[in-house]
Amino acid sequence: MITYISNNYHDIVADLVQHLWLALIPVVVGAVLALPVGYLAARRPALYQPIINLGGVIYSIPSLAVFLLIPVVIGVGVLSPLNVLLGLTLYTLALLARTVADALISVRGEVTEAAVALGYRPIRMLFGVELPMALPVLFAGLRVATVANISLVSVGALVGSGGLGNLFTSGFQLGFTEPIIIGIVLSMLLAVVFDVALVLIQRQLTPWSRAGGRA
Amino acid sequence: MITFDAVTKAFPGGNVAVDDLSLELPTGQITVFVGPSGCGKTTSLRMINRTIEPTSGTISIDGEDVSAQDAALLRRKIGYVIQNAGLFPHRTIVDNIATVPLLNGVAKRQARERAAELLTRVGLDESLGSRYPNQLSGGQQQRVGVARALAADPPVMLMDEPFSAVDPIVRDGLQKEFLRLQSELGKTIAFVTHDIDEAIKLGDKVAIFRVGGHLAQIGSPQELLDDPADDFVADFVGRDRGFRGLGFVTAEKLEVEPVSAYTGRSSDGRLVLDGDGRPTGWAVEGRDELRALPASFTKEDTLRLVTDLAITSPAGAAVRVDADGMADGVVAHEAIARHLTALRRESER
Amino acid sequence: MSTLAVVPMLNYFGYLFDAANWKLSADNSIPVLLVQHLIYTLVAVLVSALIALPLGLLIGHTNRGAFIAIGLGNLGRSLPTFGLILLLVTMVGVGVVPVLVALTVLAIPPILAQTYAGIRSVDPAAVDAAVGMGMRPRQVLLDAEVPMALPLIFSGLRSALLQVVATATVAAYASLGGLGRLLVDGLSRNEYDQIFAGAILVALLAITLDYLSAAVERAVVSPGVRDTSRRRTRGSRRSAQTPVEDTETALSTPR
């Protein structure tokens, strides 16, 4: 094991780096896109069900199929990393649009009524009251999306952009378990690290939830 | 008759919820367990149907030790109503009510028919039977909970704060319905509440528990109001014991003055009757309009109502009517007070 | 590595519409692959459910060993399933059995976690009433707790179903049969129409299975228990799950 790592150190790091941007860019882009889509679904009841259903359909399609169908739509080659990036963005969007919609719907209640009575206008209320209140739910969705993406990137190895997934395929082809194990461990480590990071960021952004615990 | 014989419940960790409790719940009557949080009233209730088992002591129903029987079969013979009803959300109202009969092997159709009958018995419309609990209001769910407890016609019923989770107006309605039902059915009921007013309103017998699981006093509501055993009971029952006690005495023996004494007055308010002799209001000097009567009382009404009417009238007097609604007497505050003093003297002899 | 250049639209459907690929007698014909994929999926999910359902019910009912259910659930979400399949096959050798075992084992976490969550989500007052009325423990579990826990249990099953379909697809790389074959073979032969056929068929299979399982859920779950959070209600109304748990359960496992 140690010899494998020392011999292939550079490749492993390169895979790790590739894995990082392949997983994280879609999370960011998907989250940003999910805000207006989720907002729309929350505010227009007629749109809620169709948007959610569409998201559900997209999310049910296996990742490899998505990665291989995107070239048709955007006209790039099958082995372009754009396929993985776009595919994962789609998944993230499908997942988070629902999270945003449900979160916005669920924070409506006494607090928002009070805000309206105080004189908040809709946009100010969205950014000043509703989104902050929705943060815990939004972050929970972000954590799910991030961990899922980190796991899905490895499938991209079959289409040339696999990050740590490359370790899986080369291990399989050469009959070595070491790279596969390293890939699995690193992948799970990444998941844990980002999950914890998101929790910490969430705590920073929601000081009121910490205040209750102090003496 | 339910009998507690030196029953103790000590939880692991040292907490003694019920301490050497001995008491009798008479057959066919409502016995209310009341007290502050942590007094062991709910624990005591649950030991009757063995959802909690005593650490020592025996509980018997009609002479039979409950611990000697199969717990599940015992429970099917005891109606159980809890706060928040605990209805099965996945079953229709009718199927919820029919739960115990179905457990006992009664045929589905028969069980459902009986369930529909019970639905109307507790004051709900039959059409609600095919709905699901999440389509009913809290008060409606609570009634269904009572119907469910009655389905197998058990002789004993346990009720744990059944009316606490609804708002006061609904609660009042439920309590009245409950008393009506009990007058028809005559079950032996153990009822737990933290509300002393509810206890006094509903109980034939009231058992006040102290924190730590001790019985502070047990007796009829009147006895508790008149003769609290110690400061704790007196405090728990409340400072206005005397006034509340008025709710237990009727106006039957109350002497009244003739109506004419008030229809001819010129000062302080004159009673005005309509053509048939029914009271319409008080005429007050200096005002054109009549002050309408909030109500009148009959011989069957309580002294509490009479006193209240007298207080709110400009003449300081309450009007009594007969069965047809015609005024047949008037009584002033002072006369009520004299009557009460006479009653008190009589009861102390 | 050669990049498949953009292919004119007509050619995408070449493989799909070639009758030769649909003949039942051919080795890797579409119907054969479809059936294989279905069999792997159903067997894996069924066996996994047989293990995870009772276990989840037990853990939920007794609330002992909750950490197993929750821990496994979290673990399952962060595991790269593709890597695990390849690891197993590299260690044990290529074959249907190791892959099926892997698929089954990987389907356990979502079913276990959601079944546990489902039992825990049941209204304690309803369980108290069930016991107090004289239901025996087995009846309390089967007639009261399970029906109330069904929405969450179903979400776990559906999650597992989609996960297995997806993992079986990529397992074709490890020489498993099924529709993934078209994708993997097409990739190695640079034949995009084959890839396209495979991708479309896999997508359709997944969507259809998801739709069918939703229909089964609608038929089996009592209308009184269906998740009302989907209806637009005021924030002050409590629903059985928060939106987070909803999202997590409905879409929790990676594909």
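A, B and C are the chain letters, set down in written order, and residue numbers restart from 1 in every chain.
Heads up, the rule we're going with is that a residue touches a chain if its C-beta (ideal position, glycine included) is under 8 Å from a C-beta of that chain, and two chains touch if they have at least 3 such contacts.
All values reported here derive from a predicted model rather than from experimental measurement.
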Overall pattern in which the protein chains touch one another (line/ring/star/complete/other): line
Middle chain, criterion being Cα centroid separation: C
CA centroid of chain A to CA centroid of chain C, Å: 20
Separation of mean Cα positions, chain B and chain A [Å, integer]: 58
Intercentroid distance (Cα basis), chain C paired with chain B, Å: 55
Sites on chain B at which at least two other chains make contact: none
Partner chain C, residues of chain B touching it in the complex: 49, 51, 71-77, 80, 82-92, 99-100, 103, 132-134, 145, 148, 158
Chain A to chain C touching residues, read off their complex: 45, 48, 56-57, 59-66, 68-69, 71-72, 75-80, 91, 94-95, 98-99, 102-103, 105-112, 136-137, 140-141, 144, 147-152, 154-155, 157-160, 164-165, 167-169, 171-172, 175-177, 180-181, 183-184, 187-188, 191-192, 195
Chain C - residues contacting chain A, complex: 1, 3-6, 12, 77-84, 86-87, 89-91, 162, 165-166, 169-170, 173-174, 180, 183-184, 187, 192, 195-196, 198-200, 202-203, 206-207, 210, 229, 232-236, 242-244, 246-248, 250-255
Residue numbers on chain C that touch chain B, as the complex places them: 123, 125-136, 139, 144, 147-148, 150, 221-225, 228
